[in-house]
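The same subunit A turns up in both complexes below, where it pairs with subunit B and then with subunit C.
Up next, the complex of A and B:
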């Protein structure tokens, strides 16, 4: 198992290099150069152009692209992410500030959609053809097709403004910092963010479960005289679970994309919200770092999915 | 029905009477079993033979009520003669408690394809032990020990290690042994084996059959063996039932049926296989024509279209006729064939 993980990690490295290279290429093609990216803009304005040229030379901007890439990537690896153009703040500091909020929101949404989606999908499969199944299918279709910001606005309108049950937005109030204080703020954005994913997981879990239930080993399990719950859950659901987990891994980019919008709707102080304002103000270094970071997150997620699948499915675990 | 001493057959294990199982698909009805009757006895093997699609698997599935979703036992009865007296299986709720108490414990089943019949995500040991969990009072350790014993008795090497392995590490023959180990784990009175060796090669086939024969002799298990191989029938069967299109066209003790086949379909089946020892010049004749559409069956004799001996009477369904105490046939002209054989 450990060698399996190690091998998967090794295959990630070339991918990560390729992607960082593409992103750096993008950064290089945008207007402005490294000097304007590294020095806080307010300082640049006051600097003498000749000084700047000297600086460019000393930084090796005359050097070939590949060499510059090398310098950049080693910097990133050491935690030197460069500066945001707006305000000249260190990008690493922005990440430190904003990342926990984003992680909290996406993890909550991930957990909700995985659990809720699998349960609803399984119920749907076990009651197939009945009213419950059809109702769930319709709800699932709506969930997949209606954009999340719409749900977000409706939720704010109903639960925050009309009913006053939950706060309109934000992550916390000043002075209230414990998780339990923050929980009411988290509920709405997390639920709304998880809607689309829940619907997707549900539909997938349903078909995966139906597929599992039609397999021969289900009949074998029944022929042993075991009760239906055991046949359906231990034999059916357990086998249906593997593809569902793989799907969730593939859907993570959707979650990341969704969190950008949901953070905006709910004024959630995360990376996604930062990303939107960075795009709007053409803050390329920040945009690039967020992009690089998201891609890495997806890569890492795919690794975790692989490990989970291996843990769940003995054929993968022992098959190599 | 509550009579505990059925005179002529003290060893009767299961009797099926006039069983009709219909399968519904696309709003059409497939009369997959159309009046099937047979008995299974303790310590005997009943072989059911017939071409693909004739209803062998549906017969087996009906006995354990493991039928596809849109299907139903419409008529007839399936009586299991257990230690606690006869039980009418067709009246039990499909997955109800009483049906489940019979499955595995009283009547166990081995399926056609060992590659797909085992759950890939559980170890072989787990799949044996869960049977013991439901039908015995053994504790955890005892179940594990029993699982190892079962694998050993099925001739699987290193059972202590193998018991923890997953099905994909087992070869086809070993999986089928594991399936038999599962089926035999609770000492069932009846073992139903649905073409247990079609997916396996010949030597392994012979080993599996030997295993089943031993079980029959040593445990007195009643075996219902489904096959389409007449050679297997000749070797293993005590009784044989020949099926065609959802009906038993001829049934009886294996010696009588093979030596003295009275139904043209039985004869055709026997002619369609080579017989060892008869030399190279023996005539092998494939059965001409095709089986009718199961959704649109002829009203008369099902085999008439393909039959060399067809007469006008065949447009009507021939009744099952008892030609001796144990030999019966469903053909209008069986008397002539009997006379032929007597000459």
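Up next, the complex of A and C:
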């Protein structure tokens, strides 16, 4: 098992280095440098070019590319993510401020879609070929075909504007910070964000359950005289769930990416909304750091999923 | 038969050589293949299976009618999609304006039709382009292996470790917004999936007997890969093209909705929906966002139905 993890790490670390290198290259190639962002544009025109060069030299901008990359990456590893161009705020501070909101939203969506998706998928598999199964299949198809933000708009119209049950957006009202005050804000974005993933999990759970139900141990359990619900739930569902959990592990980073649009629709103050405004204002350092962070999350999640699969299924770690 | 693309592996075949018995054998095989092509035996079975799938046929009809309506936009639409009419701002649907008018008095019916042209072009165009790149590289490198395979695999791994929308937005921030850039960005971010699928398919049929037979006849790797193995991988490739068309149309809609996709001056489905970010319009002018939202959903749904039908018709393991 340890050698398997070591082998996976050996392929992941070069990947991470290559991607961080590409991201730094992109950062380096975008127009403007630190000096042109530190000095107001109307002052920079009147300054002596030699003085500017001196300033660049003192900041280490004259050093060779690889040396600058090394300084940058060691800084990143120590938590120095650089500064946003908008207001010169430390990017690590933006992350600390915004990440909890994004995590809250995506975790809520993850929990909802896992539970709902596996239950619906199981029902669909158990009632295979009937009207209920076909209806669920079509509903699942609708779930992946209607744009998420369109669901969001309709939800805002119905539940916030017409019925007035839930707030239009935002995460909290000033002064009302307790969990119960915040919960109504979370309901709509979390549900809307979970729709597409619920449909995906449902589809996957259905085929996985069908696969499990055709195995020999199910027939054995039935022939022992075990009640049908026990066969389905204790034997079928449990076996069918393992691949579904693996699928969810893979989807976690996708979910963080997918929350970008939903955060905008519901004015949710998370990383995704911050990322969008950074893209709009061409705040390259922030854009690149969010990208780097999301890639690292993907790599980490894939490592965890690989280890989990290897734990469950010995064939994986012994193969290749 | 001599117009096969040349590549390093074919170099051996280039000097003219005397005809042998093997060539005569080949001619007979070729004749038989040519004779078989007329009968459409394979196509017939595939078609009847596809047509037996009710949802797939419904999907095909919707898909074809939306495309035809968009193509025939100049014949159907009575108004110019771009010219504002300040005397008819936010008019509800009427005999004059079937879907009403938007904030600047532009006819929404015309905008949906013309917008369909651009949205479908982006979706279908990017899917076909990324399939072309993915299949050309994947089929050859999956069969031959070697350094090309290694390099392509690493590049696709790098692309696929980014959450899709983060990578797309990152590239939008760097390359800027335009119709062509969007297609390029979608192609860049989308080829990896289809490349891996084509490659995996080739790996699994590489050791089949007919491939070994062809190799022993002395056929070059390019001809074996593209002419004889590719047709056996075509089913999953077609399914993948339809599914990525659906995904790209959703992504274009999402990006344009955020104002970061196709420039606002060009009508696309996402750009029309952009107006619905204004809560007053969302509440009081349903015709601005509902028809176009329904059109996107219907189109993506039809593409997904077609994709499912194709999968059932081409993949024997998915039957039942």
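Following the convention adopted for this analysis, the second predicted complex is superposed on the first by the 268 of 320 C-alpha atoms of A that agree within 3 Å, B and C clash if a C-alpha of one lies under 4 Å from a C-alpha of the other, contacts with A are read in each partner's own complex, and residues count from 1 in each chain.
Simple rule for what comes next: a residue touches a chain if its C-beta (ideal position, glycine included) is under 8 Å from a C-beta of that chain, and two chains touch if they have at least 3 such contacts.
This structure is a prediction, so every number in the text was calculated from the model and none was measured.
S.K.: Would you sort A:220 into first (subunit B), second (subunit C), both or neither based on which partner it touches?
M.R.: In the superposed model, A:220 contacts subunit B only, not subunit C.
S.K.: If you stack the two complexes on chain A, which partner ends up touching A:76: first (subunit B), second (subunit C), both, or neither?
M.R.: A:76 sits against neither subunit B nor subunit C.
S.K.: Per the contact definition in the header, classify A:110: touching subunit B only (first), subunit C only (second), both, or neither.
M.R.: neither
S.K.: Counting residues of subunit A touched by each partner, does subunit B or subunit C come out ahead?
M.R.: C
S.K.: Which partner does A:280 contact after superposing on A: first (subunit B), second (subunit C), both, neither?
M.R.: Second partner only, subunit C.
S.K.: By the touch definition at the top of the document, which applies to A:261: first (subunit B), second (subunit C), both, or neither?
M.R.: Touch status of A:261: second partner only.
S.K.: How about subunit C: which of its residues touch subunit A in the complex?
M.R.: Listed in rising order, the residues are 55, 154, 157-158, 161-167, 169-170, 172-174, 246, 250, 253-254, 257-260, 273, 276-277, 279, 282-283, 289, 293, 296-297, 300-301, 304-305, 308.
S.K.: In the complex formed with subunit B, which residues of subunit A make contact?
M.R.: 215-217, 219-228, 230, 235, 238-239, 242, 312-315, 318-319
S.K.: For subunit B, which residues count as touching subunit A in their complex?
M.R.: 64, 66, 95, 99-105, 108-109, 111, 113, 116-123, 130-131, 134-135, 166, 168-169, 179, 182
S.K.: Can you list the subunit A residues touching subunit C in their complex?
M.R.: Contacts found on subunit A: 15, 18-19, 22, 26, 29-30, 138, 141-142, 144-150, 153-154, 156-157, 161-162, 168, 253-254, 256-258, 260-261, 264-265, 275-276, 278-280, 282, 284, 287-288, 290-291, 294-295, 298-299, 302.
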